[in-house]
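First chain written, first letter: the chains are A, B, C, D and E, and each begins at residue 1.
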Amino acid sequence: MTSHSLGRFLDQYGGAGSFLSVCLLLILVMFGLPLFVSTFGLLQVTILAVMSIFALSQGFVWGFAGIMSFGQAGFLGLGAYAYAVAVINYGDSTLAVPISIILPMLFAAVMGYFMFYGRISDAYVGVITLTVSVILFQLINSTSGSQYRIGVVELGGFNGIPAIPPLNLIGDPSRPLDQTGIWYATMGGLLLVYSLLRFILMSRFGRVVVAIRENETRAQLIGYDPRLFKLLAFVIGAGIAGLAGCLYVNWAGYISPGVFALTMSAQAIIFVLVGGLGTLLGPILGAVLIQWLINTIGDQGTVDPGLGLGIILVAFVLLFPKGIVPLVQAAIQQALTLRKRNVGSPLPVDADPLQSGAE
Amino acid sequence: MTNPIPAPAKKLTPLLEARDVTMKFGGVTAVDHVDLVLNEVELRCLIGPNGAGKSTFFKMLTGQLRPSGGSIRFRGNEIGGAHPHDIARRGVGIKTQVPNLFDGLSARENVFIAAARRKSVARATAIVVEVLERLHLTDIADREVGRLAHGQRQWVELATVLAQEPELILLDEPAAGMTKAEVEQTAQLILEINRTQAVVVVEHDMQFIRRIAKVVTVFNQGKILVEDHVDRVLADERVRNVYLGNSISA
Amino acid sequence: MDLAGLIAFNVVTGIATLCLITIGLGVIYGMMRIINLAHGELMMLGAFTCIIATEAGINIWISIFVLSPLVVGIIGLVLERTIIRFLYGRILDTMLATWGMSIGLTGLIVTVFGNNVRTLANPAPSFGIGAYSTSLYGLVIVAVAVGALGSLFALLRLTKFGLILRATMERPGMAAALGIKPDTVYMATFALGSALAGMAGAVLAPISGVSPVMGVAYITRAFITVLGGGAAIVTGTGLASMLFGTIDELVSFKASPVIGSVAMLMTAVVLIRIFPTGITGRFLRRSL
Amino acid sequence: MSDHNQKLFGRRTVLKFSATAAISALAAPAYLRQALASETIKLGCIMDETGPLSLEGKPMVQTTKLAVDELNAAGGLLGRQIEMISYDTQSTMQLYTQYAQRLALQDKVDVVHGGLTSASREAIRPIFGRAQIPYFYNTLYEGGVCDRNTFCTGTTPAQTVNHLVEHGLKNWGKKTYVLAADYNFGQITTDWVRKFMAAGGGSVVGADFFPLDATNFSSTISRIQSTAPDFVVTVLVGGAQTGFYQQWESAGMKSKIPLASNVFGLSNEINSMSPSTTDGIVTCYGWYPGIDTPASKSFVEKMEKQFGGDLTGMSELDVTTYDGIMFWAQAVKKAASLDREAVLAALESGLSYDGPGGAVSLDPATHHTIRSTYLGQPKDRKWQVMETFAHQSPNDSGGQCDLKANPRLNKQFTPVI
Amino acid sequence: MNGENCFADQAKLLRVTNLRSGYGRIPIVNGLSFSVGEGELVGILGHNGMGKTTLLRTLMGYLPTSGGRIEMSGMDITQRSTTQRARAGIGYVPQGREVFPGLSVLENLRMGCFLNAEPENKVIDEILTFFPRLKAYLGRIGGALSGGEQQLLALARCMCGAPRIVLLDEPTEGIQPSIIEEMISTLRDIGKARNLTILLVEQNLNFLSALSQRILVLQKGMITSEISAETARDPALIHDFVGMA
């Protein structure tokens, strides 16, 4: 019985088949791409994978938990800086990775407690997250004096922190990963985050989170404390963003306060909006598509990428507020239904509420 | 499980005890110093014309509104002004006037969420099947609730309330928008529920009230006008007057 | 003592600056409950209008007080008709759409004019406070801020149009049943808010420099001031500007402008946490 | 039912495979470009051509073009033409590492000239070090970089700031106030000012640091007045921070406290602002457009001829960029090879030439230039040279940087106060 | 369409033909027809959830019509906006009063004058003669009034616009009896003075019968019968309607 309802549930969110095929695809790309692509090509697609993880963090927090976080880049930046500071101080990435995930989570826990337990409305949550990420940017940006150091690491303000060592094999700092290794690590991270979110969404916790997004009052009247669930979802999202930050540093080998900038947060939101709100595949797709678009426009040079991004954002809000993935899903659904009808099993008239309701 | 020591105190405390409860919105007093006591496994009906304060009173019982004054006790504990989820955890469930559901989720998922609050996933899944069966919702269980017809949504909301297994169930107009047959089913269901749980019903349909009620409380202009056995209440001249507006020509 | 005078002058100028950058946003948010994230870019467009006009030889005061509000008001009108009006009542969607407008407008201006900082000569002389001296332009800003708040108050309180605005803001459906077109009222409000933003951008251009990305610097400040102020546009903007402006200027003087700005933002976050409906949502509820 | 599911699955899989194909297609041009351009010598240029730093960056890219065109017109190097591969970092720090990696891994260039802010230099220097591509940083900066793979042709505080401070101490007084951009250039330069002031018996009474997008300087102007310094040194970078000079003038400070700067004028300020704002600000650089030597004149003529109206004010930055490319070309010729070790050895062989700024030589020990510097101030949109200091050594490391003796050294020396 | 029909149409101020509407896909008003003549006082009686408020909201243009036709003096207004309907002469006193809570009583009345070409002061002075209770409160803000006072204000505000027909939605809801009486006499007075046309939706039988000339019974979104005001006092009907014996 349980497996039956689980299957039903999976169907509702795109089906177990879709989960497995996405995983399979990610694995295929992960191991296949290095065979075909040069080191530099790999470097370019690594950032797409990093951005996909970042997009998943936004997609979970916004699309599933309904929290309008406009400052997700704040957690990305915290994770990035935490990794940089830790890995240089310890000379080993083994501890630096968990630190880069946990620090943003702790920060999000404090911030989330402040917001969700303070009865702050959805729109204000947007403004507060945005403001906090601006505060973080300004603070980090003004730490260029040599007095601002953690351990041996000078934070460097606007300069950022250069020459950050990459990940190494666990417990063995003498064996750092090369470009291909970082690609595997990043794709592994993406696969892990995707599966983890899938698992969370299937769990009771995840289902309640989605229910709260659907109707907070109802969830309260049933006895769930929306504040707690939102807080936890927000913290999980921050951890994922932190991981994305850690991998971002590994990709760039360098970190500057730019990661905290509003454009980063804006990008995450656009990824999710374009890909599809309330899906997991959507943010990944959106990240790859938009990041690729930004690179293309950026290289071409005559038009500022912002112009294109702005138009995309407005167009999707106005025309396709649900994003690409749900749009495609609906199209497939419709195609299937049409097929069904053509095959000759007409739906009973009163079975379709759309038909009976509309007169 | 037998308790060797009898618990007389439990008998003495009423399940729900509202004292002097008042709610003001600006210059408007929606609920005006109301006292209401409900015993364990009691069935109570609240009636009264539109705007008499019944729904507002319900909202205070569930924590959606913080009373401007007075006290509400559930099993002896003050719940006035507590968080809705806190009150729900203490065992109060409500079906609101307008169906209030997780519209994007299936009926099954809606009921599951309600059941899973206290139970393990496996147990909750079993409860879902039971409850859906009991309310004849199995056929539409996997449809998105937001796309169901009004009456069906009423039933789904009833199902979620049942799945919560609360000790006190508040039903705000459970029969509204239902067919005659459905109304009868609802009445039977309420009586059945009432064997184990206390129920408060707000309803306008007097046939329905007659069908289920024992004690009826009549609200008028935020106050309790009468509280008595259903037959006496419905025969009461004052009650008739508030419904017909006769007081004005008197 | 002279130094105290100079600092006081700076504080007052800071408050007035905050008022100016907030007021257009306040009108749009207060009246329509639209969180206009493109506000900073409307200011930027005002500043650009001003700089282009003055470079074309038009008198700077005419550019600031006539051309910039006019041009940006019309741009606001166009944006409202083509984008915003489809999103009324969907607060998060308007946030996203206006953010898109913000990114897009910046990109557009970068594409057309390049991402450079342009400067505008300061038209006002300096004056002395005892041994110290400062720019008289601060007084211009104070005068414009007071004038803008005053006129807005008069418009809302004393005119029929203001009455209609307030009524439509409270109950648009009922206003429609009395024969008013809420759609037109919203359109006018958005244009008014945009025009005020345009003027603010132009007024501040001589001291801030003009660049396509300048809007970002204003948007968070304007926001927290609006939200901190609460529902009452004039009183709220005034009070919140006083609080935040004073903190910003004093901490900036004591520590550094960055710390000042951070202190101000932190105060705002805490304030919004304590009074989610802002100062005037908690106190002075019936003010304008 | 299962039939439909299979159909659905099939279709989705197809969709996803096409996505993979798209990703690999995206990376494909990498091979193509590598295959095509093996004949040319590749010179990488990485610079802020747009954005708030473009006033400095764009002329430097133009100079690079001019220098490359000149070399190509003269037959190229080693009989091969030079291909300039240029990336615009749009005044955005993240783009530096991205494009540096592209230059190193994809384009596989033979040399890189570029980097504007010291922050950008520090971000990309390790990348070229790892990739073993000689790197030229041609911007004036805070000094002290000591790295075998890196050559710095711009002036340093030991060649300029010392003269500014001397000028201030002699003509204005013992107290100064520093306003600087908030990153390593501003911070370290401020420390140099502190050091030179102390050495001359003066002191720095206050120092404020500003983010690059800072536009409002009113609180600082008040603070400066409250500490009453004899002069102010500005180390303000980029378009936004130049707003300070106007606010300074409109606050009526221009006539009260004199200004000295080692960056003012690099963003075309003397043309974009009115002379009343700019006149009399004392600066110190390795070159001014008004310098009356044949090399200088012909450089200005060539630039004006090639870029005409597109040219927005020239400065030391252009001359040192030109120097950097000429030194590299000279070294390649001398080494008769593009091999990194051979080119580095040639660069360390004591090269010198007569550049627009006068005689310049490349110091083998520090990889910096020994050149003349000048004290100058704007008057009515023209630079007036006030004083000339010949043969200034890049002595910022106090003799500790000797890459000939110790080639494995890789650090930045900063002033010890 | 023959000439006779045309004439008949014009005699009726408001004509509703086979009207359908609802929320989303849930139909509430289900093919409903009636008409109101100039100067007529028509009541609509119906239980909760029978579609009374939905009907008025549809007539006022807040809800889209999914079928049928609404005409004002022969002009088809089915597709018109709320504003246009107000300009066509429909006045509306909604359920819950909807006074502007932050505006003073006087400002609320001034808003009511928007469609009235007469000078504001004159209009308000005249209306206030019918609502003496409001005179004392002119400076007070709407939100601070009691429910009954708000109801009077909403009525007065509507009258300021000199509508040709007034839609009244459950004016007695939650109102103390003294004010209900005051409303009846006020409405009668104004009705007499201005030949007012009223469409009144109510559950309060007494109020309904006191003001209406004829009463339409609304059940499940349809008009099921029409009765006279006198019949509304019939115990049998009361039994049927209220369900009490």
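Here is the rule we use: a contact is a pair of C-beta atoms (placed from the backbone, for glycine too) under 8 Å apart; a residue touches a chain by one contact, two chains touch by 3 or more.
Keep in mind that this is a model prediction, so the values were computed, not measured.
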Strictly by the touch rule at the top, which chains does chain B share as contacts with chain C?
A, E
Taking each chain's centre as the mean of its CA atoms, the one lying farthest from the centre of chain B is chain D
When the contacting C-beta pairs are counted for C-E and for A-C, which pair yields the higher total?
A-C
Can you check how far apart chain A and chain E are, centre to centre, with Cα atoms defining each centre and the answer in Å?
53
Chain-centre distance (mean CA atoms) for chain A and chain D, in whole Å, is 37
Between chain A and chain B, what is the separation of their C-alpha centroids in Å?
42
Name the residues of chain E that each touch 2 or more other chains.
25-26, 101
Could you list which residues of chain B touch at least two other chains?
147, 149
In chain D, the residues touching two or more other chains are 90, 182, 209, 211
How about chain C: which of its residues touch chain E in the complex?
160, 163-164, 166-167, 170-171, 173-182, 286
Can you list the residues on chain A that touch chain B in the complex?
1-2, 5, 8-9, 12, 204, 207-208, 210-211, 214-215, 217-226, 353-354, 356-357
Of all residues in chain E, which touch chain C in the complex?
60-62, 81-83, 86-87, 91-92, 94, 98, 100-103, 107, 110-112, 114-115, 141, 157, 161
For a test of understanding, state which residues of chain A touch chain D in their complex under the given definition.
15, 17-18, 21-22, 25, 28-29, 32-33, 36-45, 48, 138, 141-142, 144-146, 156-160, 162-163, 252-254, 256, 258-259, 285, 288, 292, 298, 301, 328, 332, 336, 339-340
If you look only at chain B, which of its residues touch chain A in the complex?
62-64, 83-86, 88-89, 93-94, 96, 100-106, 108-110, 112-114, 116-118, 121-122, 124-126, 128-129, 142-143, 147-149, 160, 164
